[in-house]
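Look for subunit A in each of the two complexes below; its partner is subunit B in the first and subunit C in the second.
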Partner chain A sequence: MDLMKECWTGKINTVTLGATEKEGGTRTSQITVGGETALPFLFKEGDIPHAPVIAMEVLDAEPTDWPEVLKKPFGDALKDPVKWAVKCVEEYKARLICVKLIGTHPDFGNKSAADAAKLVKDILQAVKVPLIILGSGDDEKDNTVLAKASEAAKGEKCLIGDATEKNYKTLAASCLADGHNIIGESPIDINIAKQVNILISEMGFPLDRIVVNPTIGALGYGLEYAYSIMERARNAALLGDKMLSMPFICFVGQEAWRAKEAKATSSEHPEWGDESERGPLWEAQTAVAVLQTGGDILVMRHPKAVEEVRKYIDSLMKKG
Partner chain B sequence: MALSGLGIYKLLPKTNCKKCGFPTCLAFAMQLAAKKVSLDKCPDVSQETKKALESASQPPIKLITVGSGDEKLEIGNETVLFRHEEKFYHPTGIGFIIEDTSSEEDIKKALGEINKLDFERVGQRINVNIVGISCESKDASKFQVVVKTVLENTKLALALVSDDASFIAKALEASKERVPLLCGATSANYKEMAKLAKDNKVPLVASAPTLEELETLVKNLNTEGVEDIVLDTGKKSIADKLWDLTQIRRLALKKAFRPFGYPVIAFTQNADKFQEAAEASTYVSKYAGIVMLKNRDPWVVLPILTMRQNIYTDPQKPLQVEAKVYEIGKVEDKSPVIVTTNFSLTYYTVEAEVESSKVPTYIVSCDSEGMSVLTAWAAEKFTAESIAKALESFGIKDKVAHKDLIIPGYVSVLSGKLEEASGWKVTVGPREASGIPVFLRNLTK
Partner chain C sequence: MLVIGELINGMFKAVGKAIADRDKKVIQKVAKDQVAAGAGMLDVNTGPYEKNPKDAMKWLVETIQEVTDVPLALDSTKADVIEEGLKLVKKKAMVNSANADEEKLNTIVPLAKKYNAFLIGLTMDKKGIPRDKNERTEHAVTIITKCQEIGFNLSDLYLDPIVLPVNVAQAQGIEVLEAIKEFKLLCDPAPKTVVGLSNISQGTKTRPLINRTYLVMAITNGLTAAIMDPLDKELMNAAITSELILNKNIYCDSFLDSYRKR
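Presenting the complex of A and B:
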């Protein structure tokens, strides 16, 4: 019997987050993702030089719709994003922090670009791991907020997003000027994903500083769409499509915690079992699916889910 | 894997004798490939050709049935490596092992819990499928008694787990009508196990620690006359198991490698609940036909079953509900009317939120060809005209004494046009279904 090993010609780009003193930044660690020349965890037919990483999510405004199970591990830190970030790094061993500037959204607090920039500076001061910085999703506001945030983090080699097909120029220009990586977002669509990468790269953006957000759904809530889009994109990349050869970032926590099965208490649904375990597991299982289709950076919320997915990644990376 | 006309031609005598009724062997081969004629028409065909064509006409991965009746489990007969290429057909069976050394009371309790792992999600039943009974007692009579207890207390499919054929034989006496999965054959016991599987017409697990040894074992079982096989590559790390599962699937599909043309069973190695769930979901997404678990807490099993449901959904055909008016709760003529699409996930999410609001409500599910609200709107399958038409054809105006319509927040832009097209007054509802309970309660205040 001859085994069937795929000989891929393509390779996923290697993207590095965080600049240490040597690179002109103030981070004390870096994160490198990508570089795969095989499908996820098939070590016998290619290189998987960098393990997928988990970023813990920090919001600039106290979350209003989080269930108790999710709030509990953070306690009062939810009111103070700097404390929250410190807690993630010190207590929950996060190697990467994702700051989401949701409070700058006109409908959710409308914080100013200056507030956002200050927060980014404060977090950079308080934690020394690399940062991911996200806007609020309001295009107009993001264009001012992210420009300021990018400037505030100049030289730190953050990952900033999201650039979309209709709104990428301002962000790409900022990231270029300030030396950051960029996230290109597409709505579960492989062609748009490619288009966004082309548009960004046409502005002179190096391909190895782009990460793709394929916009996933939670387990049970459309997960399979992103699962297959990611699988298709990863296959195309390994076959040599340079415009799809970017690492994936997946917003696992934000999606998983919208699921009823993650949020509902056991008094509402006794047949589903204890929510203090069920919620984190729902998040962890969403992570498992995206890891199996090539997720490189997972943005997650619950410390228990983070810990368990980290263990899962470690056990896979032992290569048997 | 099916042979092409040319592939079949190579196996024919190539004499163009016309005895088959066709002018040339090639013409006959083309008809054979199109399955329009039978090979019997050729009087000179060799035995080898017959065998080759027979095996070529079989599916690349054999369909295996475990159990009988409504709860039988069918696995295998898969055709692709990636679900986007077509779809995955036979959802992974999820099961548990019960040891025969447990007390009768514990066994009944366990079965009660297992039977309850039966849920409904987006209009589909998702449940566990198989119970394995493992002979730890090394006592055939005891094993048989426990098998009987299990038979009486669950309708799920069964697996008999022991590497000693004499124990399995005794258990089969009590359970063969239920077509249990024998678990299983190894290089040491395959002759005895093969005989039991053949005599009782039940499927058999072939278990070997490496792919090479598995190939030999399956060939030996085939020689013994066993054709209903489930493959197992033994205890492995997750990464190694992933490799085995991938190799078996690739070789069966891409190389028509017959010894691996069967579904695979995987036993989780992690006892920790989180890690076990992650391991199980890995095997569900990557080709396992059966996954046997240790833990059975509903919070562990529900996400695994949900993963299976997601992975085995037909990517070309999103799940849809019938487009019609649904009455949630004790509706009356002043109950609110909500409109949404007929994509199952959308509809059931809305329905669940309406239910939890405790406000009796009509939900008008419009035919959006199974697309979600935003997708359908973008594809012009959820438009002012189509909603107006649905309202008209479902006769909702005869059910209520008002003309107030609630539309999803994401399509607020439809409001004006929809009012014009339908004559209903449009209120824009929340963007996310989770906002529905508060919205409905405020509405009726």
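Presenting the complex of A and C:
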């Protein structure tokens, strides 16, 4: 019996993060995502030229709401973002680092744009993998912080975010000027995802430098809904909708570790079992679902979850 | 929906004159304007008065292909005129057209097959235009059967139910719409459909409105292509919006711009 094969006409854009010396940057490696002409891991229906990648998350301020089980693998490095990034790359083999400048938020330390720019420079110095740089989510502050951070990383072809429907112009202009890629964010809403892309592209931003953050929910917290939105966008893209043909970035770690099922200790919930297994599993399970609906870049936290999901990706990419 | 630009036709005065004078600039501008406005294919018709239609077709195809890569629908009642164009096209062309006449089918279908072209099959024969959806469907079956016999790929076939002017044959408007729906049941995958849209408003005083309204109705009934005026922006907007409401494209606030950037 023959397999029923879907024949798609569209293609996901290919986006490259990181500029090596040859391209005017200082990275020693690059990450390329996208380029799919079929749904995730359906190798018989089209090309899946680039494996999904995992970025490990580094914050510019010591996390206050992380449970012990999540803090433990990083130890003292949590107090020093540069050390933290180095640890992710050297010890946990991260090929991509995501620096979240949460400490610049007016309510979480209010660090200056200059502090953020210096940190970005220091991390670029300390690790040679490509960087994702995120603001704190405060629009006004992000417009000054990310502009400085972008400038500090000029020519390194980072991925910077997030641009939103209400706040995209400043960031898009910075990323254009400094040669970075950009993340367009929408609140689990396919219509807004498309609108953000068209708004950014109308500023002259090339479509193959945009990555979509569809926003997701963790396992048990709206994962199915996020999954279906991503699936619908990916279907439209493969049918030729260029305004949805971007790779996805998914903030798996951030969402999974919000869940009480991941965070709670076994003394609080003895029936749930050991949190040192349960927490990373919650994160890995969220990641696996997101991969199956088209996640290209997963931003994750716990090294154990990262390792498991990396193995999972490797096994799927063997095309067996 | 596939928009086939109708403006390169010798029936239009300025184009007819440009063809007669072999004035490349005029033709190339009409070609480029239609493509920029969203035409995915351009109809090419030398017009009824051309003394040497083969030569005119050759010149038109060469002239158009100097400025655009979009495929061409070679529009003539004469097989040798169409073939002149088929010899030159760079992209998979469309043969416009065959009808349900045995004789016509026996020349045109093999021609389309030989050059690996799409084919428009008009659902009429030498007895004239069809009276209702049933006659249209009968002709459609004749065309499909002949294509199968000859080994012409049915997915390259576009059935044309023959649109007639509303001020002449008012009862035919609905028959055409229903025929579009019926054609879909004739084979699997469903055959494609095309209309010469502007016919609906021929001789009326409100052409754009009638064209626009009818296009929306036809798209709703499953129309896959139309030979029409892509420079009529409201008409194009109506087509884009119809497909949006039919859930063929994903909504965003700038859906018109987004569609045009495809």
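Just so it is clear, the second predicted complex is superposed on the first by the 318 of 320 C-alpha atoms of A that agree within 3 Å, B and C clash if a C-alpha of one lies under 4 Å from a C-alpha of the other, contacts with A are read in each partner's own complex, and residues count from 1 in each chain.
In the analysis below, contacts are C-beta pairs under 8 Å (C-beta built on N, C-alpha and C of every residue); 3 or more make two chains touch, one makes a residue touch a chain.
Small disclaimer: the values here were computed from a predicted structure and weren't measured.
Visitor: Looking at subunit A, does subunit B or subunit C touch a larger number of its residues?
Guide: B
Visitor: Under the stated touch criterion, which partner chain does A:Asp241 make contact with: subunit B (first), subunit C (second), both, or neither?
Guide: Second partner only.
Visitor: Look at A:Glu62 in the shared chain and tell me whether it touches subunit B only, subunit C only, both, or neither; answer first, second, both or neither.
Guide: A:Glu62 sits against neither subunit B nor subunit C.
Visitor: Thinking of the overlay built on chain A, is A:Ser201 touched by subunit B (first), by subunit C (second), by both, or by neither?
Guide: It touches subunit C, and subunit B stays clear.
Visitor: Using the touch definition from the top, say if A:Ile192 reaches subunit B (first), subunit C (second), both or neither.
Guide: The second partner, subunit C, only.
Visitor: Quick check on the superposed pair: does A:Glu308 touch subunit B, subunit C, both, or neither? Answer first, second, both or neither.
Guide: Touch status of A:Glu308: first partner only.
Visitor: Using the touch definition from the top, say if A:Asp80 reaches subunit B (first), subunit C (second), both or neither.
Guide: A:Asp80 contacts neither subunit B nor subunit C.
Visitor: For A:Arg232, using the defined touch cut-off, is the partner it touches subunit B, subunit C, both, or neither? Pick first, second, both or neither.
Guide: Touch partners of A:Arg232: subunit B and subunit C.
Visitor: Tell me the contact category for A:Gly220 with respect to subunit B and subunit C: first, second, both or neither.
Guide: first
Visitor: Which subunit A residues come up in both lists, the one for subunit B and the one for subunit C?
Guide: On subunit A, the residues that contact subunit B in one structure and subunit C in the other are 232.
Visitor: If you look only at subunit A, which of its residues touch subunit C in the complex?
Guide: 190-192, 194-195, 198-199, 201-202, 232-233, 236, 240-244
Visitor: Could you list, by residue number, the parts of subunit B that touch subunit A in their complex?
Guide: Subunit B residues touching subunit A: 82-84, 116, 119, 121-122, 211-212, 215, 236-240, 242-243, 246-247, 250-251, 254-255, 257, 259, 273-275, 277-279, 281-282, 285-286, 297-300, 302-304, 306-307, 309-311, 313, 315, 345, 349, 352, 356, 372, 432, 434.
Visitor: Sort out for me which residues of subunit A touch subunit B in the complex.
Guide: Subunit A residues touching subunit B: 1, 3-4, 39, 41-44, 65, 219-225, 227-228, 231-232, 235, 258, 260-261, 268, 271-275, 277-278, 280-282, 284-285, 288-289, 292, 304, 308-309, 311-312, 315-320.
Visitor: Which part of subunit C faces subunit A closely enough to touch in the complex?
Guide: Against subunit A, the touching part of subunit C is residues 249-254, 257-258, 261-262.
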